[in-house]
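These notes open a run of structures that come right after.
The following pair of complexes shares a single chain, chain A, combined with chain B in the former and chain C in the latter.
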Partner chain A sequence: MIIALPIFLPLAFMIFAFLFRHFHGREYVAIGAAALNLLISVFLLIEVNTDGMVKIQMGDWPAPFGITLIADRFSALMVLVSAIVFMATMAYSIQSVDSRRKSFGFYLFSFGILMGVNGSFLAGDIFNLYVWFEVMLMASFILMSHGGERNQLEGAIKYLILNLISSFFFVAGIGLLYGKLGTLNMADIAQKLMSYETMPPELNPAFILIFVGFAIKGALAPFFFWLPASYHTPPPVVTALFAGLLTKVGIYSLIRFYTLFLHQNSEFWQPLILWIAGLSMVIGVITATSQFEFRKVLSFHIISQVGYVVMGLGLYTVAGLAGAIFFLAHNMISKTNAFLVAGYVHRQKGTLNLKVLGDFYKEHPLWAIFFFISAFSLAGLPPLSGFIGKYLLIKAGIDAQQLGIAFTALFVGFFTLFSMVKIWMEVFWKKTPEKQPVPIIKTALFDDKPVYINWMTWSSGAMAIIIVLTGVFATPVVDYCTLAAESLMKPSEYINFVLNHTQEL
Partner chain B sequence: MELVIALFIGLLYASGVYLLLRRSIVKLILGVFVISNATNLIIFLSGGITRSGVSFIADEAEKASLETMTDPLPQALILTAIVIGLGIAAYILALKYKYFETTGTHDLDQLSKTDQK
Partner chain C sequence: MRNIVLERIANLFLYVMVGFALFLLLRGHNRPGGGFIAGIIAAAGFLLYGIVFGSEKVLEKIKINPRYIMGSGLLIAFLAAIIPMLFGKPPLTGMWTSLAGIALGTPLLFDVGVFVLVVGMIVSIFTNIMDVLKWNS
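And then the complex of A and B:
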């Protein structure tokens, strides 16, 4: 039963926020709901960790006809990490979102994103996955343009068109797959595919369409252009939420699809995925070094870090997948925190142009430490969580004899460090330039109501502490990720669990 | 019949892509709508138009008596996809209207203010 709660709780909050839109304590109710969601996901994780997998058949229709919600270790971890990210961004938004945006449904649509994200992580049915994607996208379209500033509208149009096209790819692929196999349940599809000796060639168009759909959503190498064109336009907290959750859902679905379906045709998919991973890493990191806007640098880094996760998938060994899962979880937290710091810089200085900024370490040393922790965790410095993630992935790459991709990952890590140091030098270290070379543009408003708790500091600080703790006490997390990877490598367990009609919940 | 509809879907995709490549935002949006409907037709066609098996009847004899019925599930899927498409259409037109109000332009090439010089 607990597995349906991460979907129904955001829905209940959305109904509340819609009915009581003039209620002024809405931000505190939102924090309460986010905390409840975090609690639920902790319980879900504990339950999944003891049982291996948890499922529920919606409306009590047996699989493969009814809609299945299923959580294995991988999806339970993703639900937990997204709950942490969501909690931090909601707490942060109390001070960083202006009251006009709040009264026009900022929290309503944020919880819409949470509902879509949780639904995608728990879906056991591909059409259901598509519907959750749309829920998430619809809410994210609105948050992207919410407030209606010119920059946001521009970013929203680019974001919207490219994401819609990716949805069309995905849904066309689902249609073709259904036409050939006559089922939509992921376990049932996997079972039918296993009964073939070789993958029937007429299924390849469907899989390629679905793959392209996920690659656009996950911002992989040749399909990433929507991301850096739009992520720097909305209020910083919205970017932090998007960076933590949205692309990761595309990557989660790709991992799920690869381990259930595509691995049966691995001589075609594996080199393709490794090439895409390498290209994403290199292109993302090199374009990031040439940017002079705080959030744009970080946006391009999303592409390169998504490449790391896909590299772990492309290796398709237990170690590689474990590294990918760890890196995905680490990246969601570190990336969100880096954007939260960007939001604070923006609040203090009114701009995020690196050329104009400076002296931030002297003025706000605590925030400099938060940035230091999250940025150098992204760059992969020990003892932070990014180091463990990169170590696992590169070691798995060397063990799997894929030296090319392993050395690409090392080389990209160096460039990541370079651009993080660049932000550090420009924003935090150097003196503010006396003659301003570019005009300051204020792009977002803030809520300057006095509050008793400094929510921004607390949320970003908590995230920084989580990053350090996952880095220092990595062993239990890595063990958990290895267990999750082992169960991903054995899709027959998943299939039996879903299709076993006697074991109803 | 399948062939005719398949060719028609191809035509819809071609016109959709042509519209997407135009400079006007209105035409871009129309292109998105056309592609969205072409995708719905793909689902419709892949479920089979006539004489396909009914998906969730296991009994072979009963299934044979329903031979002329088509699989209803893809149509339910399309219904969902159409509803989602409608919501997105409403949003995208509102966004376009707001964009036009703010900037007074339809031209996609003007969408470069947020890009770095």
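And then the complex of A and C:
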């Protein structure tokens, strides 16, 4: 029963926000709901970890006909990590979002995103997955254009059009697949595919379309254009939320599809996925070095880090998948925190142009430490969580005899370090330049009401502590990820669980 | 310029279409119809009324802010989804009871929620567009 709550709780909050739009304590209700969501996801994780998998059939219709919600170890971990990210961004937004945006439904649409994300992680039916993608897309489009500043609308248009194209590809692929196989339940599709000796070629167009849809959503090379064009325009906390959740859902779905369906045609898909992973890593990291805007540098790094996750998937070994899952979870937290620090810099200085900024370490040493932790976790310095993730992936690559991709990952790691050191030098270390090369435009992106708790510092600090702790005490997390990867490698377990079980609650 | 014939027809059609929408809503469980299509038809009645009389008159006619209509529609559908959970069944399970020989169940409640939500949503969209275009003012 608990598996339905991560979807119904955000919906309940949205109804509350609709009906009590003038309620003044809505920030605190939002934080309460986010905390409750975190609690629910912890219980879900515990339940999944003892039982292996949890499922529920919507409307009590049995499996291939009704909609299945299913959580295995991988999706439970993703729900937990996105709950952590969401909690931190909601707490952070109390101070960082202006009251006009708040009263026009900032929390309403943030919970829309949470609902879409949780739904996509738990969906066991491809059309249901598509619907959750749409929920997420609509809510994120509104948040992206919310407030209506000029450059924000420009970014929102690019974001909307490219994401609509991706949804179109996805739903076209679903349609073809349904026409060929006559089912939408993921376990049922996987079972039907297993009954073929070789993958029938008439299914390939459907899978290619779905793959391209996920690749656009997940910002993989060569489909990443929308991401750096739009992520630097909305308020910083919105970018932090998007960076933590949206692309990762695309990657999650890709991993789910590969392990259930595409691996049966692995001589075609595996080299393709490895090439895309390598290209994403290299292109993302090299284009990032040429940027001079704080959030743009981080946005290009999203592309390169998504490449790491897909590399783990492309190896298709237990170690590789475990590394991919660990890296995905680590990346959601570290990346969000890096954007949260960018938000604080923006609040203090009014700009994020690296050439203009400086002296931040002297003025705000605590935030410099937060940035240091999250950025160098992204770059992969021990003992932070990024080091463990990269170590697992590269070791898995070498073990799987894929030396090319393993060395690419190593080489990309150096460039990531270079970019992070560049931000560190420019923003935190160097003296503020005497003559400002570009004028600073102050935008009303935050609330100046006095608050009793310094929410920004607490949320970013908590994330930094989580990063350090997952790096230092990595063993239980890695063990959990290995278990999750093992069950992903055995799709028959998933199929039997969804199809052959009698109804259980 | 006022057109009396058009105004009378629009006024009459509003009631006809809302009445037909309610008929479709109740018919929808076993035959064509249902909450979504009924909501669209009712909203089309309000749209016709709005084209003739302007957006303020529509809002006067329905008396409630469309935003609250949307919220309560979501709430009704949400209740239909979670009521079975209170009885230990999966969400959205159809549960039936009978009142004076008429079968009432959560699917009907869900349809009513969808109906209210769709009406509120479409009314809210077109009144906003009319205000932007300064229609009839």
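One rule holds in what follows: the second predicted complex is superposed on the first by the 501 of 505 C-alpha atoms of A that agree within 3 Å, B and C clash if a C-alpha of one lies under 4 Å from a C-alpha of the other, contacts with A are read in each partner's own complex, and residues count from 1 in each chain.
By our rule, a contact is a pair of C-beta atoms (placed from the backbone, for glycine too) under 8 Å apart; a residue touches a chain by one contact, two chains touch by 3 or more.
Just so you know, these numbers come straight off a predicted model, no measurement behind them.
Undergrad: Overlaying on chain A: chain B and chain C, fit or clash?
TA: When both complexes are placed onto chain A, chain B and chain C end up side by side without any clash.
Undergrad: Once the structures are superposed on A, label A:L19 by its partner contacts, choosing first (chain B), second (chain C), both or neither.
TA: second
Undergrad: By the touch definition at the top of the document, which applies to A:V29: first (chain B), second (chain C), both, or neither?
TA: Neither partner.
Undergrad: Return the chain, chain B or chain C, that is in touch with more residues of chain A.
TA: B
Undergrad: Scan A:Q57 for contacts with chain B and chain C and give back first, second, both or neither.
TA: After superposition on chain A, A:Q57 lies in contact with chain C alone.
Undergrad: Looking at A:M1, would you say it contacts chain B, chain C, both, or neither? Reply first, second, both or neither.
TA: second
Undergrad: Just to be sure I read the superposition right, which of the two partners does A:L11 touch: chain B = first, chain C = second, or both, or neither?
TA: Only chain C; A:L11 stays clear of chain B.
Undergrad: After the two structures are laid over each other on chain A, how near do the C-alpha atoms of chain B and chain C get, in Å?
TA: Across the overlay, chain B reaches chain C at a minimum of 8 Å between C-alpha atoms.
Undergrad: Using the superposition on A, tell me which residues of chain A are in contact with chain B and, in the other complex, with chain C.
TA: none
Undergrad: In the complex formed with chain C, which residues of chain A make contact?
TA: On the chain A side, the touching residues are 1, 4, 8, 11-12, 14-15, 18-19, 21, 56-60, 505.
Undergrad: Report the residues of chain C in contact with chain A in the complex, numbered from low to high.
TA: Where chain C meets chain A, its residues are 67-68, 70-72, 74-75, 78, 81-82, 84-85, 88-94.
Undergrad: Can you check the complex and tell me which residues of chain A touch chain B?
TA: Against chain B, the touching part of chain A is residues 65, 127, 131, 134, 138, 141-142, 145, 148, 150-151, 153-158, 160-161, 164-165, 168, 171-172, 174-176, 178-180, 182-184, 229, 232-233, 291-293, 296.
Undergrad: Using the touch rule from the top, collect the residues of chain B that touch chain A in their complex.
TA: Per the touch definition, chain B meets chain A at residues 20, 25, 28, 32, 35-36, 39, 42-43, 45-48, 53, 55-56, 71, 73-74, 77, 80-81, 84, 87-88, 91-92, 95-96, 98-99, 102-103, 111, 113-116.
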